[in-house]
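These notes open a run of structures that come right after.
There are two complexes below, and they share subunit A, which is joined by subunit B in the first and by subunit C in the second.
Showing the complex of A and B:
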């Protein structure tokens, strides 16, 4: 058990380091996130000046939400990417055979790798644009230490939920050989239902109710609402439990699907 | 007991083919059929055959990432497909055309990950690293990301990676593919030494018959899924009806030479080429020619193993 944990830790560390070698890409990304953050802020300011209190947010909440959104894009890999893309590529080339014959869990390996990547993206593509936002706009910050801790947990769970979804998308390559189509579809769903384009609190009627129970709500809406203090008291724990439930459900599903994929490769010969 | 036992193993695939607009046709392809062989501990066996003959299918079944359709197969007493994880700790694999190393990481980091994956004890790890670093000349490339390594360097890294956890059995699937002559030769030296010093059982597939000639005392030939030869290199030579060639330089150009059981296949000025059966001695033929003709020089060309195998592939009837 300890050996396994130390392996996952080593994998995550290597993954973090791997992404950190692409400095130019990181800088370009930070610039892009900052520019989009500013644009979205102006849009939100315009919306909330017309309609103050929309979705239970004030203008300051909305502006903060815009920057949290930019910070989470790469951290949760809304448009796919990350370790799960590596898997899809390895299925296509057949290199996945090497992963299969190693005496370690495929799911654990890729999850550890994706967590390492997410941490790198949080510290660079997450933190840097947020500092830009904080310098240019009046943002809201977590009211107390507990809220900060809960937010940190929410970010980790956001990554695990998104990993689960992306893993299922990538695993489709075992059957389709090419997951491009599924990936595009998944990216559209994720962008819309994570609240990245429009906060889920603005979705009208039943669409809002539906959006808040789908896994994508974990990507941005849940962490953002914790940060903004929209989940008072035990509600924050309930929101975290919602994310944890999706994490467990999705990872279990991934486990089943990878089991089937393994059977397919081993028995049917790919 | 043999470390690898293969008894009547067959593997077929169902291939669906599109026919016309909507129709689909199912077709069964036999990748390997009714393989029988055993490999003893410490042996170094060459496994050769043309592309698509079933070599990789065999290796995949021996690692457990493919189950046989029928037959029995054990490696180190385990059934690979059901005990894949346990077996993985005792075998090593090198796929010449793929890498088990991590593309973006320095070579050293790949080794460190493998140490954790295979839970290699620290002392063993340090000793093996020291040995491989020296024998495979890795010191200079340990801190280089794998994607920046040349093919030869990467292959050295891959071989070290496959041996790091002291496997009893190693499958090398075309380890010398694409390497230059010097890299090939140093790799062969290393493999010979590993086999001898560590007693590692090695099963080697290759298209380079020099690999076989220099490394393997035993060779198995597979063609169209069936084992067509299993024995020593000499046996393989004898089996082929390849012929030896006598090159005769006469003092002056003349009529084609006629001599005992030899065919004159080519005449070029004073030089003539005669072929004769590979299992007969050249001595009487040479004596006869020297007695009857004015000979300036003589030389004998041995049939290459390549010729023998080429004949073997073309001789077995194609099926299907």
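Showing the complex of A and C:
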């Protein structure tokens, strides 16, 4: 067990370093996230000046939400990307055969790699635009230390849920060989149901109820609501349990699908 | 000069047609991607509808008026994206060393980059924007005059040219920083997102900058104000409001300068 854990750490660390080599790309991305953050802030300010209590948020909550959204885009890889894209490419070329006969679980390896990537993106593409937002707008911050800790847990769980979804998308390449179409579709769902295009709290009627129980709610809405203190007392733990439940369900599904792929699928060229 | 332009256009058409044939080889994939583009850009507008389930107007503009702004902006971006969307892969080509191949062919490298992997599926985005635009025109009670009718193709043409120039500048920057392709997104996709909403929601200083420094207000804002018969929050003389061709020309000149400077500077990859 100790060997496995240290392996995961090694994989995560190298994945972190791999992403950190693209400095100009990171800076360009931070700039783009900041520009979009500013635009979205003014849109939200217009919405909340028209309807000051929309969705149970006030204008300050909404502006904060806009920046949390920009911070989470790359961290949870809403547009796909990350370790799971590597897997899809390796399935296409057939290199995945090597992954499959390694004496470690494929799922653990890729999850560790993706967590390493996510940490890098959180510290750069997450933190930097938030600082820009904090300099330009009046933001709300977690009220106490407990909320900050809960937010940190929520971010990790957001990454694991999104990893589960992205892993299933990539695994579709075992059957389809090309996962581009599925990836496109997955990105559409992730963009919309994570609350990135518009907060889930603004969704009217039953669409809001539905959106908040789907896995994508874990990407942004749940961490943001914890940050904003919308889950008082034990509610925050319930929100984290919601994310944890989706994590377990999705990773278990990934495990099943990869097992199936292992038995059923003939690797390319073999 | 005219001959050169004609042969460039011909080369572009030939290259684009080749890529269309490639994409039609995988028909199912092509259909899914086109519908996907339609849906993904459609969700942008659904987001606006969701906001309007909570408010009646944004910055003094009704839903139909914002749909008009949104449609105009998205249509211009979509057309520019169709014409040269893949130019943003210049950095990737430079890194892979495949840009060199384009330089030795007897067709302008710019034309080749524009037509590179020409993606007909982008019609999905254009269709979606067109549908919203058409709906807005029908839903709005516009007092049609010949000048207002003429303003619609004027909006689409000059707005598209402005985005073409921004895409080109964004690509040319990659001659200097080959892995910063995302920088351009802030101006192209960011600019289009910005122009989807009325300028009345932004601070006046920002609107001034968007008129005189980075002339994005000429994409659809000023033409829309004229068509919708709305006052200009900056109160500029009406001559300025019709300056889209000037803005497009200045940006195109800047784009041509950047591209040429980039090509001259280019020294291929390798150690």
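A few points about this structure:
Note that in this section the second predicted complex is superposed on the first by the 264 of 270 C-alpha atoms of A that agree within 3 Å, B and C clash if a C-alpha of one lies under 4 Å from a C-alpha of the other, contacts with A are read in each partner's own complex, and residues count from 1 in each chain.
Basically, a residue touches a chain if its C-beta (ideal position, glycine included) is under 8 Å from a C-beta of that chain, and two chains touch if they have at least 3 such contacts.
What you are looking at is a predicted structure, and each value in this text was computed from that prediction instead of being measured.
In the superposition on chain A, A:210 makes contact with neither subunit B nor subunit C. Judged by the touch definition given at the top, the superposed model places A:100 against subunit B, while subunit C stays out of reach.
With both structures placed on the common chain, the touch criterion links A:256 to neither subunit B nor subunit C. Of the two partner chains placed by the overlay, only subunit B lies in contact with A:3; subunit C stays clear of it. When the shared chain is aligned, subunit C comes close enough to touch A:35, but subunit B does not.
Partner contacting the larger number of subunit A residues, of subunit B and subunit C: C.
Of the two partner chains placed around the shared chain by superposition, subunit B is the only one that A:11 touches, whereas subunit C remains out of contact.
When the two complexes are laid over each other on chain A, subunit A has no residue in contact with both subunit B and subunit C. Contact residues on subunit A toward subunit C in their complex (touch as defined above): 22, 24-25, 27-29, 31-32, 35-36, 39, 42-43, 45-47, 50-51, 54-55, 178, 180-181, 184-185, 187-188, 191-192, 197-198, 202-204.
Residues of subunit A touching subunit B in their complex: 3, 6-7, 10-11, 14, 17-18, 21, 93-95, 97-98, 100-104, 265-269. Those residues of subunit B that touch subunit A in the shared complex are 11, 13-14, 31, 60, 63-67, 81, 84-86, 88-89, 93, 95, 98, 100, 102, 104-105, 109, 112-113, 116-119, 145. On the side of subunit C, the complex with subunit A involves touching residues 29, 32-33, 36, 39-40, 43-44, 46-47, 50-51, 53-59, 177-183, 185-186, 190, 193-194, 197, 201-203.
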